[in-house]
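Here it is, the structure in full.
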């Protein structure tokens, strides 16, 4: 328990200009290893270890996929890896998305926030739910999973900040359009907190339940070190999160305001 | 695991002049705690801890019984206990009797060796096997479980060395009689090793399989300390035993010859 | 029934969260108290901010985890703001560390008015720059640090000791001689190490880390039993507690109060409520009228 | 593929049974070798017979057991008869203990012709009369005992050390200075204690006992890693091994051979065969040609 499984990279998919998905063989028979959409893994490259969303949960082929956006030295090191190279994976961890008995869902991902949205969407469709997806990115060559999720049976609506592909504008603009013509009983979203804040506000106006997925600096991922606790409930992103109901945001006052660094100092947005 | 459960004595049965049976509530639902006939328990009176046979396994009333013969300071201390007093019980341990598909069984117990024979017999009868029992003792007021095993449905034949009750003579004499008129496919026996040696020799003559139950000085009862290992297989009475097939005695050359004391020095019979 | 008085501070029950567990923020410490803890202990902090070690900082082992967080903390200035946000009614213990007696004394003085007790962490097996167990393995240095802090503050001062010494009794006696008000036993064990067998790499970035969890309980119980026999100050028991029977075992061994850490991994802060309910029930069944009756019972049977 | 040479003695594989495990009789040691061990180590014995402690001598804890058998043994005279009954081809290590350098030297000399190596048990945490860890916690006494035995016998002499010290490196260096031929790490941990919560009684008759089993592996790995870095003599790794991956971890950490003990509780002597088969398979998959290539690999990656 809680020991990285060191696995060889089976396949690497180039998803966008800055995002690659690393595919690993995975043993879903071990119930402790069976991930749910919205859970995360701690990825160890023998230098550092960070939490990453699970972007693909493929029960048929016994594979999982971890999508990594190249944004710093750790993720850059991962992007240099090749098929057959080894990576340590510890998890799955955290509280994922809840499905209850929702029927028609709008899933909204911004940037690499599309990673858990992708595994969520495929899982939901496998369970015969209707899913519309807004895949938002800054520009066209950063858009994620459009074909994959269309193929899976979702209706994928893209939008880019610069209009280079799909709708020009923010995810919330695209969302507003969709809400005119559709009745959703659940919205799920992952992306920049500012974006998710907009999604929640709009959803509240339309009286639709929302689940959001957050991230914070993590150390143990086991719920003990306190590194990922949030003000002012004290909840742990690695245990009570990363997925919360929007109503819980009343108890997460730092949402869309600040995050703590590795020593615990607040960094405001 | 391997921690004494401290339980209150529920009932004390006076079985003979020197033997009492202590009854405890027992949780048979925990598979690690579910005893088989022939297994033993480590009994702790907060001063010392020794292995004792399980003489009663009562699944209906969720009780176990441990029969103790008063032969020394430890057993004497146990005999002073009353209902409600506490005792520590660690186990069950060891390899018990095997039932395979035997149909008609002769069970022979000598003295306190009747303890595992009693639980064996009741278990066998519950499983619709035919069991004849020879309950042997030095004298009449030391005879054990005659009524109880008759009530359970066994044919109980008693014998005493002094003839004060039942047949006058050794268990092997009584056995010889029974073998004249009955066809058994299994003999099980527990008692002084000299007696068991006689039983095995006679059974071999009649070509009947025998299981014997042995005892040795024990410390850990976990199979690590080596205290109860026997020459010259090295087998552990607490793990490979206490019940063996008579054929195994080829590898237990110390059987009916000597035992080791607590420091490992041999004491010859 | 569960209430105790510890170094003059009243606690509603004898459980606290151990230092380093969800302890850098007022938010999580308030949550822990609201979940039933008798007191809170902060994560260890120091004069200056400290980022700690890089990940991996934790890995599972049989019966627990080993960790080398490296005492990360935002420094006393920021911690003071957090301490101010902890609800007034909560009994608060500030765990502090440093590299010298002066460091300890400075940091203790800074927070004296904001907390009820100080706990000196002289025993972290994964501290940087000689801040950790190296101190608590040296009776003289332990003495000097306790003295320095005692000279500076008037609130009770606890000392948390490492089990990773030849004689914990010697260190405890030295701390008592320096007039500490209580002793916390034990900090994490070892250190321990886990090597990945695919790559021969130590999994923790710091290679070694302190071991915690149920596996270390027998060592902690022995330390509490041994030390509580020779010192007059109260002992706080910590190490591997995951249910009320573990608490009973520590109390019997001689602990006046207990701290709970790694068990929050599986049970969360709710463990404090669970333990309080079950402990009170146990006391009724076993005819105890107060926690005090249970403390050190093993020494008396 | 698994064969090694240790202090000039050829072993068919790097596994031995640890001292104190089914080790007082030739019968059980022959069985263990027949089940695949590379060598056998006797239970520790002394000049005179010793009945050890009364029961309870063992109790389960999370991740292992604690025991206080108390070094029971029938004395060197009777042990010599048993040693004579161990099959000739079996590499034999005699574990001995005593209360003084002379004791150790006498007992070692008595069995020198009957075994291939001596292992000095200066580290039993539950020995009586100052025979145990009290010696191995003192670098000078450790030095004297190794010297006394080395002066008396010409076969290789291993020293088994306790982890229950402030610096195991200091003790190891002292043993090496005294010209020991190898170091065995670690003896059981602690000691630890377990108290029955119904009666407040320590369960072990000796109150405390040495902890063994998977829970102590991280400590053992760290000791092997630290010591193998500073000594030139080979290190035997022991502590919590229950499968071949544990053996790999010890080899990587710097152990030249390993000893297996508490795992025989659940797996019996057959564990040696199981580990040999799996270890050889692991080596093929990972392209190792010899055990030597694996020893200390973590120091080189």
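Letters A, B, C and D name the chains as they come in the text, with residue numbers starting at 1 for each one.
Convention: a residue touches a chain if its C-beta (ideal position, glycine included) is under 8 Å from a C-beta of that chain, and two chains touch if they have at least 3 such contacts.
Keep in mind the model is a prediction, meaning the values are calculated, not measured.
Trainee: Tell me which chains count as touching both chain B and chain C.
Mentor: Chains in contact with chain B as well as chain C: D.
Trainee: Quick one: point me to the chain whose Cα centre is farthest from that of chain D.
Mentor: A
Trainee: Centroid from C-alpha atoms only, then distance chain C to chain D, rounded to Å. What do you get?
Mentor: Those two chain centres are 34 Å apart.
Trainee: Taking each chain's centre as its mean C-alpha position, how far apart are chain A and chain B in Å?
Mentor: Measuring from centre to centre gives 63 Å for this pair.
Trainee: I'd like the Å distance between the centres of chain B and chain D, where a centre is the mean of that chain's Cα atoms.
Mentor: About 36 Å separates the centre of chain B from that of chain D.
Trainee: Enumerate the residues of chain B that touch no fewer than two other chains.
Mentor: Expected reply: no residues.
Trainee: Going by the contact rule already set, what residues in chain C reach two or more other chains?
Mentor: 61, 194, 199, 201
Trainee: Hey, how would you classify the chain contact layout here, line, ring, star, complete or other?
Mentor: Contact map by chain: line.
Trainee: Please list, in label order, each pair of chains that touches.
Mentor: Final set of chain pairs in contact is A-C, B-D, C-D.
Trainee: Report the residues of chain A in contact with chain C in the complex, numbered from low to high.
Mentor: Touch list, chain A to chain C: 1-4, 6, 42, 44, 46-50, 86, 88, 90, 218-227, 229-236, 239, 260-265.
Trainee: Inside the complex, what are the residues of chain C that reach chain D?
Mentor: Where chain C meets chain D, its residues are 61-64, 66, 137, 164-166, 189-195, 197, 199-202, 207-208, 211, 213-219, 221-222, 225, 240, 245, 248-249, 252-253, 297-298, 301.
Trainee: Could you please specify the touching residues of chain D with respect to chain B in the complex?
Mentor: Of all residues in chain D, those touching chain B are 20-32, 43, 49-52, 54-61, 65, 67, 69, 72-75, 78, 85, 194, 196, 198-199, 201, 203, 205, 261-262, 264-266, 268.
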